[in-house]
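Paired with chain B in one complex and with chain C in the other, chain A is shared by the two complexes that follow.
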Partner chain A sequence: MRSALALVLVVVLAALMMAGVSQLPPPGEADQAVHRHVAANYLADGVEEGGTGNRVTAVLLDYRALDTYGEVVVIFAALIAVLLVRSAGGPRTQPPPRRVPVSPVVDQVIRLMTPFIALFALFMIIEGHVLPGGGFQGGVVLGALMILLSLALGPDRLRGALHTGALFWLRAVAPLAFTVSALAGLGLVGWWFALPEPGWMREFALVLLELAIGFGGAAALTGFFLSLEEDIHR
Partner chain B sequence: MSPNDVFDLLILTLLIGCALAIARLKDLAAAVVLFSIYSFSLCLLWVHRGAPDVAMTEAAVGAGITAVLFFYALTRTGRREK
Partner chain C sequence: MVVLFAVGLYIVLTSQNLLKKIIGLNIMETSVFGLIVTSGMVDGGSPPLLGRGLEAPYASPVTHALVLTGIVVALSVTALALVLIVRVKRECGSIELDELLEPEE
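After this line comes the complex of A and B, so read on.
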């Protein structure tokens, strides 16, 4: 009975989605509404106004900076929620679950790959305003690297290696950087999130924002992971 | 049908196959690997459709950190679904 009900629900949902998808315009058609509104301006003036040749960056960090601000605040809010829930739990009575040791092959491969993954993540963050990718992607790769290292070395050594005071502030650096960017734009240029005037200043501001998103995101992910991991052990 | 469409269809078939296999597998480690393959296929589709930024996000989040977190969870529980 329940599976029949589930089947009916799935079929109805699939039919609705198919009906919706079939109404979408064919990709790349130039006279559709999405291409006639602001897209032409972004394509024409994006390089000039955005401070970089990459128009995706211009949209993310300049034209739609408020949306990106919302995204980094959401990640920060999620981190705060995890920390709050964790601290509210109180000490656990049951013993921690058995830890399966990592195989030596996995351990060695993680150690071998670490410098390359770190370099790639840094490259994505720093060159993110010019190339595809950027602070968010680089930050996620950096956060994944931290979790891998925690697998190989053990979370306690990772916690010791990362200066916890620095990690504490780094977790809030992305929302803080966007707040500063919004206020600086309003004060110096005249509207929220405006980038400063000469071209090299714009590029510098973009690099700073990407660095903040990247390291802030990586610190937030590492913070999530370490606090959940600690919770398992309590 | 153009070669572009054939490529898209191949990727979509792979995606559906992966999704069905993930749902049926009892070996959770294999399911995580298949989930990574699913994400990388989707990543190829994004690149092919001209969205390299989305593709890099998919690779970093879907195939990267999610797989790492799942594997970490597996070291805490068991490899087989009960």
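After this line comes the complex of A and C, so read on.
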């Protein structure tokens, strides 16, 4: 009964949305509204104003830096909430479960691949302002590497290796870096999130921001995974 | 994209399992991201980068940045929901909605 009602509702809604979407301009035509106005301006001036050949990065870190600031704050807030929910559950009561060791093939392959994955993640973060990639993408690769290592070595060994004061601050590095960038832009150039002139300083600032986003994102992802893992075995 | 959205919404509405509801939510999000990012592409266009062989027309960088932000928010929501589900399981012993909503004897 309930699922039949839901089916009717979904079908009616889908028909309405289909009617709406079919009225949208067809994708792929260069003279549609999506490609005029701001997008055209970003494409025309993004290289000079944003200081980077990657116009997506120019939008993210220069034109709409305020939105990206909100974005990193969202990740940070989610991480805080996850840690709060976990710590509200009290300390671990059961002993940690005995781990089933992964197969030696998986273990060896993960160990073998780790440096290459880490290198690729760093490359994506550092070259992200000129090539496809960027802080978020590289950060996700780095976070996935941490999850992979946690599966191969066991979460407790990873936790032990990562349990440093630096990691604690790494979780907050992206919001902090954006705050510094906003204030520095206000102080040095005159408006919030402005990137400093000349070009090489601008590029340096972009790389620093991308590094902060990348490592902050990776730390958040690792934090999500480790607290989930700990929570499940409690 | 509409079909994908409808599938996700149907899962969210009918599934009794909280975990499956989250999966449905993610399917819905994916459909929206796909719609936005396809609206920004151009036939025969190149990615909005500088480089050899890349020239106008470029795909719109705005939709890319928009979807990137959306994905990050979706990831944060999913992570928080998963932790809350684990908590519900520990406190109430189930993640099936019909079992959770039953009055306690």
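Simple rule for what comes next: the second predicted complex is superposed on the first by the 217 of 234 C-alpha atoms of A that agree within 3 Å, B and C clash if a C-alpha of one lies under 4 Å from a C-alpha of the other, contacts with A are read in each partner's own complex, and residues count from 1 in each chain.
Rule of thumb we're sticking to: a contact is a pair of C-beta atoms (placed from the backbone, for glycine too) under 8 Å apart; a residue touches a chain by one contact, two chains touch by 3 or more.
Small disclaimer: the values here were computed from a predicted structure and weren't measured.
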Partner chain(s) touched by A:A184 [first = chain B, second = chain C, both, neither]: neither
First (chain B), second (chain C), both or neither touched by A:A81: second
Touching partner for A:A58 - first (chain B), second (chain C), both, neither: second
Chain B versus chain C as contact partner of A:L167, first or second or both or neither: neither
Contacts of A:V73 with chain B and chain C, given as first, second, both or neither: neither
Greater residue coverage of chain A in the superposed arrangement, chain B or chain C: C
Partner chain in contact with A:E29 - chain B first, chain C second, else both or neither: second
Which of chain B and chain C A:A39 touches, first, second, both or neither: second
Partner chain(s) touched by A:F136 [first = chain B, second = chain C, both, neither]: both
First (chain B), second (chain C), both or neither touched by A:L151: first
Residues on chain A lying within both footprints (that of chain B and that of chain C): 27, 56, 132, 136, 232
List of chain C residues in touch with chain A within their complex: 1-3, 5-6, 9-10, 13-14, 35, 38-43, 45, 47-51, 56-58, 60-65, 68-69, 71-73, 75-77, 79-80, 82-84, 86-87, 90
Contacting residues of chain A [partner chain B, same complex]: 27, 56, 97, 99-100, 102, 124, 132-134, 136-138, 140-141, 143-144, 147-148, 150-151, 221, 225, 232
Complex contacts: residues of chain A adjacent to chain C: 2-3, 6-7, 9-11, 13-14, 17-18, 21, 24, 27-30, 32, 34-35, 38-39, 42-43, 46-47, 53-56, 58-60, 64, 67-68, 71, 74-75, 77-79, 81-82, 85-86, 89, 130-132, 136, 224, 227-228, 231-232, 234
In the complex, chain B residues that touch chain A: 49, 52-53, 55-57, 59-61, 64-65, 68-69, 71-72, 74-77
